[in-house]
């Protein structure tokens, strides 16, 4: 996701950060406008379009029969896939998912998997032979920064939107979603931490940390990114931010 | 299939077309010499080598057991694959089939499939479990233009050449071939329509239209190619040409 | 495995060869120091680290259930794979095995397969359904020439090191290894034959011939490499060398 | 699902449309911020997004052409756009559609104005219900205009087909599956030239002519909707460009 | 294997270690001849090899950057390094680990000194028992130093985790599989900065702080062992660089 | 099929040949129009086509070599050339054969005459019955001559083998499958130098020498047929070049 950015612009954003300001006028702990629209894709069992400012991510959920993994014969299967579509950014290319798309998918996956947001044990049908597989496909449509939080929110909203299929032998009253993990990404620029980096900020940030928390405020997943570092104190401060903002974001999950 | 061609040559062929003439002296509605030689490949159940002038295409048919598609449990399987071999042209490259090879295979496939030239229902063996799969492999050996017509003709000739396998539990008296679709490709150069473009003509043509017809003269498949356009009248004129020439070509199928 | 080498160096090694000398002071029929260390990788059922001078190759054996090939329902499966790891040489690249890695794997494979070193018939479990598959993975760690001999030796040493798994339903007292094929590679430089070429020698050699022999001195596999040629006499001389040196190498197999 | 006994009952199709009636159509220009141009098309249950990038420098360089820009096109279906989840990545069908889509659009562009450049068209099918390739071409033409790329004209596209021996406009998935014939067409509207034509199924001479008639009329409706969408986006200029 | 009833019994872990105790650690620098720098790390049953090539000219050229060297990293597991043979080639896990490993190491390098160049780090896991990514980073840092590449500091890495509700250092495969939480950490030791942090499982605020404490202490032990390995290799210079 | 009890009965092989007898051989030069050179070889039931393109400019450029042309070779089997349909695309066997074929032919070429160029050899097996790699080399050598590429000599190639403990020339598929040993050989005829040698199976010293004898004699027959084919193509010149 390397994008050229001029030194002037870089210095400008860095100077703003030093003063606790941001390029789009937000406070350091302020998200862009968040919108979550569910159910627009009828060919998916569940779907959600999330906008963080100009960033747009569409997530669709398909639930299909599958064979369980050999080492977990009584457990459903969760598969998260992310596509950084070339229509979303001039820096995204066609072809198999690269390291950024893979990291994105895996960070979203871990938030859902590790919080046990879906009770995969309930998705078994016939031990060792047949289980429900939940595919979450994340489709980045317009990239203006912070695809991780938008994708994690879209994935959860799409899961919560799942309608029990009527026309097949669906074996459950509904998809057993038991938790609402929410990812909050914090960028570090010139020593200042700020939530929900926009693209300009991503292009100049030293590093980012994504902290995914559940309803009780505990962590279920973390991922540091970027080539800079965090001090111990910064990590603890980031956790405070993540906990606070996750409440706001979770409210959009209804 | 982009080949460099000099402006002089381009203008020459264009000027000829304007006068209703062609670079190799043919009439606009005249094919190059057509030859069809069947059965030369014994490792195939059926095979045919078709020559259109210097263009050479070899098609081989293999028939093997396969699982049917889930949505058609009682239907045999037809698979058409085309290889634009690098030995056939300096512009063909090794590697997985590109868009030209895929288009070629799909145009041939549609002519056979949509005319129901093979009665796939007769190729079922055990519902949902076992059917006959008919593989048609198209091998372009020497490319001097109009690979589509040569390939479609070779594919049909190879199908008609299929010998019932003796050494396995073949379940039918013969391959149930019921129709003889024939593809006729018409190129447009400087507003003139002409059949069976040679390579020089393909390199300068505005557009081409392939019309595949069956014995009764009705259409079973069409495919426009190239970056030019056709008027309504030109399309109707092309259809007349295609119907007329298909009779000639079909005669080579015996 | 093309490496640039200066003309001066090339001439120097060629001149030495003409005098029957080698760049590292060895005799023409002398191997570099050979070391074989088995069993260091506990996650493999058998393993061996072979050093030929500075060349290091690690081979690991995994034995797993597999389906037999359709045409050999009562035969175990042998699969040899070689990775020319990019950490082993500046000329090795990441990605799928190239022609050198494939040739290496296939030469090692043929030595083992054709000598019937493993009695694959004994690895059947249930006819047509279940057999033992023996995977030999060859890992080139440090490339200073003659990877073939090092790999073949490592593969055999790893096979001989296989411990019968205790924690699964292993159906045999041990892996049925019945022969010890050994590959000896002879390089030709300026008309002189020499065993165990180091990297400098490989980079200037005209050609190489690998001769794999079993205990009774007979050949089970050969592979000529490089763009030069051998005369009949040279081939017979090479065979003498191979037979003599295989005894030395085989001694390292214990 | 089961094959219905008839696809036309009392002159009406299963979704209540008349034979020559198009499904509800919605076109919106400029829906993405990063892309140089974009458009969103809904045609019945089809939802298609198109984006245009360029003209921009072509990389890698050996693909540059000294005398012209290169036009590239990628048609792609979202995994969740169809009944059975589609594995990501191009299949043979999408490779062919990408090619014919590119050739359907190229006649209206002045590629020779931008030597050594590339113009990229990306079409994403978010929800599919037959006619996605034609909806994609319709969307892409609007996205090209939205990107400010000089064009001779728009390109307007729709499919016609044959069901129960009748030529009809704009097939649904059900009609495509159980009907006889599908014929996607794209037209350069002002000159009434056909830039895309494919067909599979069966058409007699009479039917072919009737299908062409209907396709031209359908494309005209598409064209008006495309112009309207561009007008709405560029409200100050009364004429979309 | 079966899930054990408890992972900590009488304050000892299944392999006899105390909660804050690391597995036996062995680091060796300069183990390969062809590579510009290399290192071998054993941590318990983990066996990891790292090699560094570069700075060298970047090919193909269009990947060169005029103002800086590019750092590339490949983390890879040998087919025989795990219980079930791993198919050769990168999977999604190794692609992600390669990326975070590169980002964990880049902060200590002066890439701007080598414009148009590339530095390649290759990490091969020969035997795996949980903690391979952190062992790989530890090995790679030593290999970079062994290659003589100027560095601000080493990078030291180890994982902490939660098993039986207790925060412990350096999980085994068994503890990783049956425990609650895995948190790999890499630290730039002198400035005490975190250059890699991942976590999956569950941690309360208190546990997170305790896990960070333990990670810092573990990395300090790693750091001393890295310096010792470099000292032994470059015995004449008493201080590894 | 079932393994036959014997492969040689009363001194005759299953197809009636004597042990030292080659299958019927047909070679034709210049069978393709687009290729710079081409040849078709039938050896028993083997049907093999070879084409040569070049010397031509090498793309991409970073693969060019400033001091020499690069020789590339692709050996490929048609899907319908074998009993069970072969999936298109290279497998490990064909990658290896492509490599040894290239190395078998390179000794007779003057690649240094064409710096920065590439010569491409494409070999297509249309019907296979054992011995396709040697038939491919035989065809490629004729195709190179047909392309007018300067050559020191032709290359002639055939396999020998061991069946029922007897060394025989030119194995059929049946003999290859049920026999003991297969040894493909290519020879530069005038200087009697071996440019391809592979073997799998079992050979004692005596057998090896006998196999070499037979291979040299077989290649001599191939060589005469190659020269004859070139003479026929270039009838005015009495000596093929």
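Going by the order they are written in, the chains are A, B, C, D, E and F; count residues from 1 in each one.
In this text, contacts are C-beta pairs under 8 Å (C-beta built on N, C-alpha and C of every residue); 3 or more make two chains touch, one makes a residue touch a chain.
The structure displayed is predicted, hence computed values, not measured ones.
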item: Third chains touching both chain E and chain D; value: A, F
item: Centroid-based (C-alpha) most distant chain relative to chain F; value: A
item: Taking each chain's C-alpha mean as its centre, the one farthest from chain D; value: C
item: Approximate Å spacing (C-alpha centroids) for the pair chain A, chain B; value: 48
item: Length of the line joining the C-alpha centres of chain C and chain F, rounded to whole Å; value: 26
item: Length of the line joining the C-alpha centres of chain C and chain E, rounded to whole Å; value: 32
item: Numbers and ranges of chain E residues touching at least 2 other chains; value: 60
item: Touching residues on chain E, where the partner in the complex is chain A; value: 92-93, 95-96, 98-100, 103, 106-107, 183, 188, 191-205, 208-209, 212, 216
item: Complex contact set, residues of chain A against chain D; value: 40-44, 47, 54, 56, 58, 60-62, 64, 81, 83, 85-90, 94, 96-97, 135, 137, 139, 141-144
item: Complex contact set, residues of chain E against chain C; value: 32-35, 38, 45, 47, 49-51, 53, 56, 74, 76, 78-85, 88-89, 120, 122, 124, 126-128
item: Contacting residues of chain F [partner chain E, same complex]; value: 60, 62
item: In the complex with chain D, residue positions of chain B that touch it; value: 99-100, 102-103, 105-106, 110, 113-115, 209, 217-232, 235-236, 239
